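In the part that follows, the structures are each spelled out as structure tokens.
Look at the two complexes coming up: subunit A is in both, with subunit B in one and subunit C in the other.
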Partner chain A sequence: MKINVEKLKKIVGENNVSDNVVDLYVYSSDASVHQAMPSVVVKPRTIEDVQKIMGYANNDKIPVVPRGAGSGTSGHSVPIDGGIVMDMKGMNRIIEIRPEDMLCKVEPGVVDDDLNRTLKPYGLFYPPAPASSRIATIGGEIGANASGVRSVKYGATRDYVLGMKVVLANGDLVNLGSNTRVHSSGYQLERLIVGSEGTLGIVVEATMKISPLPKFRCLAVANFKELEDAGNAISDIIASGCQPSLLELMDGIGIVAVNKALDLGLKEVGAIILFEADGNVKEAVDYEIRKIEEICEKHNGTDIEMSYDAKERQRLFGGRKKLFASLSKYKEGIICTDLADDMGVPNSKIAETAKKIHEIAKKHNVIMAVYGHCGSGVIHTKIMLDSKKQSQWDEAARVIEELYDYVHSVGGVTSAEHGIGLSKAPAWKKARKDIIPMMRAIKKALDPNNILNPHKIMDAPDDWVKATNLRYRVIS
Partner chain B sequence: MKINVEKLKKIVGENNVSDNVVDLYVYSSDASVHQAMPSVVVKPRTIEDVQKIMGYANNDKIPVVPRGAGSGTSGHSVPIDGGIVMDMKGMNRIIEIRPEDMLCKVEPGVVDDDLNRTLKPYGLFYPPAPASSRIATIGGEIGANASGVRSVKYGATRDYVLGMKVVLANGDLVNLGSNTRVHSSGYQLERLIVGSEGTLGIVVEATMKISPLPKFRCLAVANFKELEDAGNAISDIIASGCQPSLLELMDGIGIVAVNKALDLGLKEVGAIILFEADGNVKEAVDYEIRKIEEICEKHNGTDIEMSYDAKERQRLFGGRKKLFASLSKYKEGIICTDLADDMGVPNSKIAETAKKIHEIAKKHNVIMAVYGHCGSGVIHTKIMLDSKKQSQWDEAARVIEELYDYVHSVGGVTSAEHGIGLSKAPAWKKARKDIIPMMRAIKKALDPNNILNPHKIMDAPDDWVKATNLRYRVIS
Partner chain C sequence: MNQKTLVKSDTSTKSKGGKTKAEFKRLKKWEGELNKCIRCGYCYELCPIFKSFNWESDTPRGKLLLLYGIITGEVKPSNDIAEKIFRCFYCENCTDNCSAGVPITEILTDARKDFVDAGFYADGTTAEIEEDLCSACGMCVSVCKEEALSFVEDENGNKKVALDKVKCKGCGLCIATCPSGAISQKQGFGVTPSELESQITRFLKVNDTKIIVFSCNWSTFSGLQLSESPTLINTPYGVIVTMCVGRVTPELVIHALKEGAWGVMVSGCPPEECEHDGNYKARRKILLLKNLLKQFNIEPKRIRMGWFSRGESARLKQAITGFVDDIERLGPIRDLSVISYW
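Moving on to the complex of A and B:
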């Protein structure tokens, strides 16, 4: 593939194009295990830049991979076919905040935490809150349909997208959705774009619903001797109609890891549950917390600690917040991989799934931590293994297969909030054969030359290990 | 077009097919002004029936129009090209209610109120609540992305669809979405189907999120001398971060109409606002009601009445509930039309839009009532006119044009919750030219023979008056 770098420089300016190998290397990977070199990196500054780049790429059939922070763990932004990586971080203006309409308009490169910092003085917030909010961009969050600790009450990115401007594969600009809370005016294309991982169009502006910040938040932690009890408590909390604003699980492996990494002195029990309620009236927050507390106690939860105070809440949540970074401390000589990190299961299957993960790990002689936003069925895991032994990698491959087979058999999904990309594609394709033709038909209709983030999701290689170089991350 | 009625009878049984002209006439119209005769009506009982019918229709290129209760006001289910009307009301099983997963699975013909009656003993409800919930089916509500009085807090149908089974134009069955609260596993095709008005596939099963019924509901009514004050109060309520579970406007014309029709003895002011708050803790409900009350008073709202009692709430809401049926009583000799009934505007534009509607009506010598779920920007109107005078119909056409031009100019949408169908298509097409090619590309990809509810939304005729027979409804 021959790329006319001079032409790209004319569009976006000399400083916003690079084919220097050092730059290309930076853009060759994201937070997944994958790595593949782009041919060139381009940083558009305006919608017109994006349109012109796409017009050129479509004409010359050059792959274009849009990219935000590169914090995705499934390989969405790894340019498996080379071509152009389009770095959207330069388009990072918060265009408007309209408290009177409870919406904001942003460019795709706006960082989630920056948006929330800007909204705070208005008494507003943007709820999805993925764990990577410190760096993740709104455009990337739209691509992955990101969610996080608040999804149990507030939902995922798809629930906040009111409208968007999208540049299509051929360079056309379309205005999708509306400025209104509800609409029934043509196909809900804005919701089709959410979660499409950059394969259908490039989001160049997003209109997002925002919410009033609650006056009170109370966070609590409960200890459980048995992981299964904690899982059952979570299922029961949801089934009882409680409305926590956060409901997290962390297993004993996670507790040991954060104790080692952060010296927190947490009691090393089978699992902890963290739960929060929020609202404008303290009595209502108390009521939710009390109801959840009772359910925890019914399931043998003990040592329940809680606080309304912001600093105290931060302390209580500290271990969970830093869990991912701490996991590699669990045991000398192991690394912590994202190979199967993000399943979703129906609420009633949480205890069973957590137990199953530990069983599978034991059977295959790897370590797996279980945690996640279990209140909305999100189960995160990390497969922890000795990266120097090939046998461990072989076991990991078997773990992945068994784990996804189990999750799909109970009506769960391959990915709850990280996306399919490359690494989750083989398992997802196996489970969802029926919808692949429909997805391919839509992809072909909107991107006939297959230039937008090609060979991802339904078109990803069946063997993700061979699909790209692998970049095993050793977290220390 | 030749239709093999015997073949259809073999698929669904003799009693579930009719080409009798009396039956065809019943299926020739919905709640809109449109009327066009189908060639045959078929009532599938199973998913396999639907697959076989579609396989046959696709092969022989016969249009198929799926239909629920026929309560749509835009002509979605009017068979403009003849062909098969597929009546989905026979597929009306509530397949399962899973409180433990906060979801239910239903066939498309389940009536909204029936579902809610079934959910009530579980302490659960299905929130979208369109005004036609007594007859509207879940399949039809999905087709229109229906919403209603609760959308200000609970959202629209699109916010409740977790997954669905859909039969595509070629008869293939696909399983879209998930059984989980969040998912990031392939395109969110389930949300693309919502609001697609039967043009992309036939929903044969839906997995819907359900919600816990709140313990307390408090409904209140406030009078306003001036419509504009009422509109400004509504904007201010939302902008202030209040979270009403219902926030309705009804103008003076509506008040006079319900007084005449129902002898309610309401004070004939410029407008009333109805607002409700709900929750599990009375203090929190009181807090919301008090906050909203204060804002109403700030905008000259008076005579505020409120109640927690179910019967009292019914009384307070009675006028609004029966408004549509009462409007034709407003003045002797007029009929009440759905010609432009369902705009959506940004929250801050409610007062301006309400005022504008009255201005346009006055200018063109027709009567227009303004009401709706204004808390979520939904503005309903009815154009009321003397149907015997051609001049009145001519004025109505000008009203429609002016009204939609205004709504689009302030960033509003053609339809907030009723859909585009036939009658809203000309205005919508004029405003949203940019997305028509994208919608057509998707339509063509999924229905290459254009047999699924053809010539609707983006493909509807530009002159809806000539598009079908017109069936002017005289409500008496």
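Moving on to the complex of A and C:
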């Protein structure tokens, strides 16, 4: 593939293009297990830059992979076919905040936490909040339809996208959606882009709905001797009509890991549940918390601790926030890999799924932590293995197959909030054969030359282990 | 589709000393730790180097990936990689925020040693001595707490000052101290005296800023960044990160006043907490300057110094608000002509 680097430099300026191997190598991976080198990295500054780059790439049929913070867990931004990686972090202006319309307009590189810091003085916030909000960009969140700890009450990114400007594969700029809270004016194309992982167009501006910050937030934590009890408590809380603003599960493996990594001194029980209620009337928040507390106690929850104080809430939540990274500390010689990491299951299947995950892990001799925003059915796992051993990767592949077969059999989804990318594609394709032709038709209509993040989701290879190099050194 | 093969580096891999085969023994012992990095990216949230360049290769996680690549043989060591590795102010924000517990700066230090041993060269954030200008007075040697500067003898037996590039953490105190201007940082990352001056000018011209706050990168700046919006909101003050506060010279403060600032606040680590002892140096200079300003009928209270520990950004913010109130009551400096020739 011949790429005219000079032409790209003319578009975005000398300092915003690199084909130095030092840069190419670091843009070859994200937080997934995959690794593949791009041919060049460009950093557009304006919408016009993106249009010109796409015009050139489309003409010369060069793959283009848009990239935000590079914190994706499924390999969305790994350039499997080489080509151009388009780093969107430089387009990071908050264009406007319109409290009167309860919306904001942002460029795709704006970091989630930065947006929330800016909204705070207005008494507003942007709720989706993935755990990686301190670095995750709005563009990346749209690409993956990200959600997070507050999805149980506030929903996912798709619930906040009102409109967007998108550069298509041929360089054309289109305005999708609206500035209104709802619209019934033709296809909901802005929603089509959400979760498309950069395969249909490049988001260059997004109009996002924002919410008023609640006056009161109360966070509580309950210990459970048995993981199953904790899972059943969560299902019961949701089914009883409670409206927590956060409802998280963390199993015993997770507790041990955060204690080791962060020295938190948490009681090492079978599982803990973190729950939060928010609102503008303290009595209403108290009522929700009391109701959830009662359900926890009914399911043998103990040591319930709660606080309205921001610092104390931060302390209570500290372990969960840093759990993913802490898992590598669980046991010497093993590392935490982002595989089978975010399945979604119906509310009634939380306990059963959590138990099943531990069973499958034990059977295949790997360690898997179970945690996540279980209030919205999101179950996170990570496969912890000895990355140097090929046999461990082979086991991981078997674990994934077995686990997803189970999840799909109970009516769950392959990915609830991280996206399909490369590593989840085989399992997803197996389960969703019915919609693949429709997705391919949409892709072909919008990107006939197949240059936008090619070979992802429905077009990804059938064997995730061999899809790219693994970013770990496998010795035996 | 074919499986992609990673391309190995062939550019600038030949080191300055002509050595082409580096052993990188120290680095190899870190393979297990490097493997633990999950690429979450929390390390770069507060990284001043990443904020200067905005390239993935300037993030701590990017650097760890490059070092992992060297160990596994995926990439060849090169001057380009050395340059990335030598770009670090050791503020430790990356290590503090890595909950996988990877000792990032320790690994970078070992990598620096390996690069030096293998004969690779980089400017990075480290200081540079221009020998023609250096009088070997030794003032820099006495201020360097890292012991990166020392006296050596040249081939003629003359005393000269030598720099250990591995030990230098780029605090810049030697630059602020050198009477002959013989020490510089080739790449300043916004914190060399001239870059700081232009930042001050830009702040005062572009925004409606009345007050300049110099903040030490090691103590409070990281927290301050996390409590403020990076865009949209105009504050009556502008925060300029100086790395060690010992870099704040009287000239810099005067420059701010001449450019239209009504007041200047200098924030550093509390006594005994500064890794570089720059806080004491700044205090001495600022005290002298306040006395001088008094002679010129400029209220000394327009300059304020404060000590703030890591994690005390809320207290710093409160102090800034109080200072802004005091300065707004004072208004602009009545007669700037008295300092115009400084």
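The rule we apply is simple: the second predicted complex is superposed on the first by the 472 of 476 C-alpha atoms of A that agree within 3 Å, B and C clash if a C-alpha of one lies under 4 Å from a C-alpha of the other, contacts with A are read in each partner's own complex, and residues count from 1 in each chain.
Just so we're on the same page, a residue touches a chain if its C-beta (ideal position, glycine included) is under 8 Å from a C-beta of that chain, and two chains touch if they have at least 3 such contacts.
All figures in this text were calculated on a predicted structure; none of them were measured in a lab.
Shared-chain residue A:90: touches subunit C; no touch with subunit B. Applying the stated contact rule after C-alpha superposition, one finds that A:181 touches subunit B and leaves subunit C untouched. Of the two partner chains placed around the shared chain by superposition, subunit C is the only one that A:28 touches, whereas subunit B remains out of contact.
With both structures placed on the common chain, the touch criterion links A:117 to subunit C but leaves subunit B unconnected. Among subunit B and subunit C, the chain that touches a larger number of residues in subunit A is B. Only residues 98-103, 123-124, 144-147, 151-152, 155-156, 158-159, 168, 172-176, 178-189, 191-192, 194-196, 200, 212-213, 235, 238-239, 241, 243, 279-281, 283-284, 287-288, 342, 344-348, 376-378, 411-420, 424, 428, 432, 434-435, 437-439, 441-442, 444-446, 457-458 of subunit B touch subunit A when the two sit together in their complex.
The residues of subunit C lying in touch with subunit A in their complex are 1, 3-11, 31-32, 35-36, 38-42, 44-45, 54-57, 59, 62, 65-66, 69, 71-72, 74-75, 78, 80-81, 84, 98-101, 226-233. The touching residues of subunit A, counted against subunit C in their complex, run 18, 20-31, 35-37, 41, 43, 69-71, 80-82, 87, 89-90, 92-94, 97, 113-114, 117-118, 120-121, 132, 134-135, 261-262, 322, 324-326, 328-329, 333, 335-336, 338, 387, 455, 461, 466-469, 471-473.
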